[in-house]
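Multiple structures are listed underneath, in structure tokens.
What follows is a pair of complexes built around subunit A, which joins subunit B in one and subunit C in the other.
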Partner chain A sequence: MISWWKGAALALVAAAGLAAPRPAFATDIELFFPVPVDGALARNMSGLIKEFNDSHPDIKATPVFTGSYDDTLLKTRASIKAGKPPAAVIMSANFLTDLAIEREIVPMDDLIGKDGKTQDAFTGQFFPALLPNAVIDRKVYGVPFHNSTPLLYINADHFKEAGLDPEKPPRTWAELTDAARKLTKREGDRTTRWGLMMPSNYDYGGWILEALTMSNGGRYYNEEYGGEVYYDTPTMLGALTFWSDLVHKAKVHPAGEQKGPAVTGAFLAGQASMMIISTGSLTFIRDTAKFPFRVAFVPMNVRQAVPIGGASLVQPAGLSAEKRAAGWTLIQWLTSPEKSGWWSRATGYFAPNKAAYDLPEMKTFLEKNPDAKIAVDQLANAKPWFATYRTVPVRKAIEDELQSVLAGKRQPKEALAAAQKAADALMRPYVEDTALRLPGAE
Partner chain B sequence: MLLPLALLSPSLVFLALFTYWPVVEVLWDATHAATRRGTRFVGLDNFAALFADPTFQRALLNNALYALGTVVPSLVLALAFALALNGAGRMRALMRAVFFLPVMIPLVAAAALFLFLFLPGIGLIDHHLARLGFAGANWLGDPDLALAAITVLTVWKNAGYYMLFVLAGLQAIPDEAREAALLDGAGPWQRLRHVTLPALRPTFAFVGVIALLNAVTQVDHVFVLTKGGPSDATKLLLFYIYEQAAERYDAGRAAAATVVTLALLAALTALSLSRSQGPETAR
Partner chain C sequence: MSAAMQSGPVTREITPRIARWVVAGLALVWAVPFWWMLVAAFRPAGSGADASLLPSLTPTLANFAEAWASADFPLYFLNSAVLCAGILAVQLVTASLAGYVFARLEFPGRGFLFALFLVQLMLVPVVLLVPNLKTVAALGLYDTLPGVMAPYCATAFGTFLMRQSFREVPRELEDAAMIDGAGWWARIRLIYLPLTKPALVAFSIVSVTSHWNEFLWPLMVINSPDKRPLTLGLASFTLSAEGMQAWGLIAAGTFLVSLPLLAAFLIFQRRFVNSFLASGIK
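Now for the complex of A and B:
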């Protein structure tokens, strides 16, 4: 008598099983996908996933659009906490360190090993500058998918009009300032055309400042350790002062925070003659600009160097073995030379897989679009992107100060000291747990 | 006695589950710290750290300015619209719809719209200013202007909504009061001052509380327009809480800030509602 309900329960379960016939072995997975820059990325991604599903009948992948890189991080964390993580996420490359420290993503070495590859053979496929943002503590936490660097975009018509040669864009900070002065136009007090614009909103400002700091010979953070940033340093002071002087002394760059869309908008409207912005916008600018434009390396002061940007594919912790395997299949497919090459041509990002550039489609494309080649060439000078414990607030600490300096509210030197202090406070728990936790002290 | 309780129980269950239990949890979180080695009781440490945080002080000040800047102008506008449209002949329904239109646009869409209006140099606002010969401004990128810009959006968005309540209040004023005032020889200004406004007082107390709550609980437009920047200039309380919880992973600090916000709101609401009792008993 006692077991009547057990029988009923079993019958119910069996009925539920019969009532929901599933295609044999199909695994439903989700891919979290950010829309970080301009253009028709979302539409392209839907097409790509459809192609994947058609060629993999045993897996059904669904792209889930998650907004900016920062929003994608939040949504991924929320889904992990809720116990329903997606099988793969296209994650901003500099968040991997923080996620690995918090054990929210898992290393992929076991899956790489199962495919019969060594770690070196696997990572050797990618441009070396990308690896410090993907391999953490000697484990592979991410597979680079699309990457970027900042680029200098110039309006060729404005250059000619100002007596400059558009085939010789500025290569140094001195040449950049000089060109910006010649390109800026004023009517009385009002500036009708800016020589140069650079974005300084959250997420973008820190990246551009990092590019300037690197061009000034500096480092931004400790590439080996997630608890150190170098905000209060001479190289960064030089970079921030340079940006500040463009605004407040030369008056060739507008004051206050500039958002990314405002910068591309002003460039496209002919109200800014030069801009430094991501390669990820290249396809959008190429398709939209109604005037001839050129792209060039970010001008240097001490050396030619830029940070990489863009995203890698990661797998959250807490996935079933079945979903992990399906997610891994998707990740392998998306990062293959053919697919990442196609994605690169659609968006303007680089394909991180070096073999993508050996394919005939890519060679033809680069011959037709030499501007895309500049971006790839610059990758030889690229360095890893700043990544720490609590990356987002640590980055906002310097971005808040950058915005104050650009608005004329603070001097660069005091701004950097304040940013360093705020960043150190944010990273202290991790530093105390690792670098300052000495054996025999307790 | 049992029947009413039984009828109320579904709502009570939901209230307990989704309102009171979270409050208990927030209080628990606010007195604990999650370290990398587990959770421990810290008493009021989170509150001490909260009040010592200059960003929180800034958020409090910002929210106070924002509340003042949105509540007063939108109530004044609501009254002006309502008075203008209370009579307003044949075009009445159409005109009311015109003033009510901003309310119907979702907040996030309205914010996205203003993002383009406010674009420095090429936005609609700067475009027209330039035609009149004025220099534009970096409305959302200048720490001195950003909060004011967001305030303007909020007033534009909410005034029509509050107008509805004021209109209802106006129509509830008995005609006898107006006629009596007319017989006594009161002019339009005297009638507004001594009849209409006193009669609207309970309405304003109610709308004032709603507007005040909105000033603290609406932050969608901050997400779209500024993300709390530049340099913390538009950081409101709710955005601060979100940052602490979601970006800094500091549940304790976020919970403490939530408790402070809740206490503030409860106190302000109690104060406004108790003051509104006055005229009704006097009437």
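Now for the complex of A and C:
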């Protein structure tokens, strides 16, 4: 019985392998990709890779869907340890520091040199704000593929109804709170419409809190060093208190954890008048919203600043020279002005390659959709995304506390102290291995 | 005296009625997500009433058509079926053999070994991802369906369940068979397995449903799109982190994925319930 099913399964696997036509001597490579945006794009990715394979007969790339950004990190790490690394991965940009510290990804400077380019000429193609999340220790570890910033989305109809001017979205925290108060609708004790919603689920919550902390003049982490986060600081306390007060004092933002899709859903259904969410949702909102909407910079308190988001292409350690070269061809093709521009128009992410915005189809697109330009304009104020040693658990340390503050279980001050303590403990091995170690002492 | 006499029949009538209402209430709560899934799956896209439990006045099959077109469902169904059937076939053999050993054979260190076996139940599967994947790759099973099945060949839960069930079989039956000259294999096949059928069925249900719904481990092992089980196929067009989900499409896809299990449950309902009752899993 055992041999029967095993035999059948093996036969099935073999048949599936044989069914795919492949040219002789083609290099087989795999591209791991997460689905950070609406699911239809996962299908677009397959089409994109098919186009690549058709135009590169000597390479056969397989697009491998790998779940969320966090799942993609997990799968990539596991595949490296199992000795089966893919030739390229679309990796959340804030994981690069950790992967570089652990030597799980390799710098691409040798490949850039082989193409006859200097590092400056190569990195100069991209918006400068993206580089701190791609160039680590002066080596190029990632090529930006699609990037985002948080944006403020407003429902223009609701603004008019509340006596506000939709052409002048709130620019400061004070204006944001004021507008949210006017926009919130209540029937007795029940809130029928929220003035403002922001996502606080894992991955998203930390990013939005980082945006607020930056707007409050703060820094989230040490951009030069992977073992320091600034959770227990006045600027972050201000940011978290602001969010908490919107929920518990002003009551213009729902309590408890809000998932990204739920926030978008509430905005589209008219149950939330404003939301702060990624520019990556822009195309979906534009295609779905049945009311006029506007987008604007994230409102500031002390300064205008937002973190970048999105993903870069990386190459894992342990690849053969042949696969690396094939993967590099794929990476350059995907990040070319034409392809990243196309992907940008399909998703709402902005194209990291500046030349994409000089192409005629992009110019026509931006004329038709001026909202898509806001995220690009906001790039002037953008700073790197939170990236440390063990990024995911260090990020979860603050997100767990954020969620309990929004649920009303904890006060901001004690929450931040707890988050700092947890994060410090997580980063301790790296800190002891680097900053706290006397050189030469073993 | 008369009061005490009267209270008896009265409580006997009220309590079952309350219990029935409570059960009905719980069943209703349990059914809400299913109902929502059905309603959402048939609702035209973009009607904006995503949270509503009221069915749309203009039901549509468009969501099903889109879900069906956007993923190779027949192939994913086949992959999931091969996975679940393969895992179950091996597990039934290993769990009943190991269960028999722990229930009936006397050997030094049996208690310790059994405890070691049960420790498996305490481990969070995530910590085993990398070691398991390394083993699977070393065996040449990376990116294959047998690679997904491999770690489940031995099952702590199944072994535990079969051991408990075998211990309830009267030893005299086995002794009688032994006197008639039956070997260990004949004794397991002719005495133990027929008498513990409810436990086997209950275990099979638990095994099939959990592997049918599994996501993370197949995600680690499988790369090729044509080897994806249903969960990966479904997730590849419904997951979204920064975007917004098309609920109608997700509901339709989820309905397609859960349909075989739902159908099996409806057809074999009575037998399922009986086997769970008999085996003590509730």
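Throughout what follows, the second predicted complex is superposed on the first by the 414 of 442 C-alpha atoms of A that agree within 3 Å, B and C clash if a C-alpha of one lies under 4 Å from a C-alpha of the other, contacts with A are read in each partner's own complex, and residues count from 1 in each chain.
Note that a residue touches a chain if its C-beta (ideal position, glycine included) is under 8 Å from a C-beta of that chain, and two chains touch if they have at least 3 such contacts.
What you see is a predicted model, and the numbers here were worked out from it, not measured in a lab.
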item: Contacts of A:Ala211 with subunit B and subunit C, given as first, second, both or neither; value: neither
item: Subunit A residues touched - subunit C or subunit B, whichever exceeds; value: C
item: Contacts of A:Ala269 with subunit B and subunit C, given as first, second, both or neither; value: both
item: Touching partner for A:Leu319 - first (subunit B), second (subunit C), both, neither; value: neither
item: Partner chain in contact with A:Asp189 - subunit B first, subunit C second, else both or neither; value: first
item: Partner chain(s) touched by A:Val392 [first = subunit B, second = subunit C, both, neither]; value: first
item: A:Gln403 touches, of subunit B and subunit C: first, second, both or neither?; value: first
item: Which of subunit B and subunit C A:Val106 touches, first, second, both or neither; value: neither
item: Which superposed partner A:Tyr69 touches (first subunit B, second subunit C, both, neither); value: second
item: On subunit A, positions contacted by subunit B and by subunit C; value: 74, 77, 261, 265, 269
item: Residues of subunit A that touch subunit C when the two form their complex; value: 1-2, 5-6, 8-10, 12-13, 16-17, 19-20, 30, 34-43, 46, 62-69, 71, 74-75, 77-79, 81-84, 86, 148, 203-204, 260-261, 264-265, 268-270, 277-278, 280-281, 284-285, 288, 290, 309
item: Subunit B-facing residues of subunit A, complex; value: 70, 74, 77, 102, 189-190, 200-202, 254-259, 261-262, 265-266, 269, 271, 390, 392-393, 396, 399-401, 403-404, 407, 409, 426, 429-430, 433
item: Residues of subunit B that touch subunit A when the two form their complex; value: 35-37, 115, 119-122, 130, 135, 138, 140-144, 227, 229-232, 243, 246-249
item: Residue ranges of subunit C touching subunit A (in the complex, touch as defined); value: 46, 48-51, 70, 78, 82, 85-86, 89-90, 93, 129-130, 133-134, 136-137, 142-146, 149, 215-216, 219-220, 223-227, 232, 235-247, 249
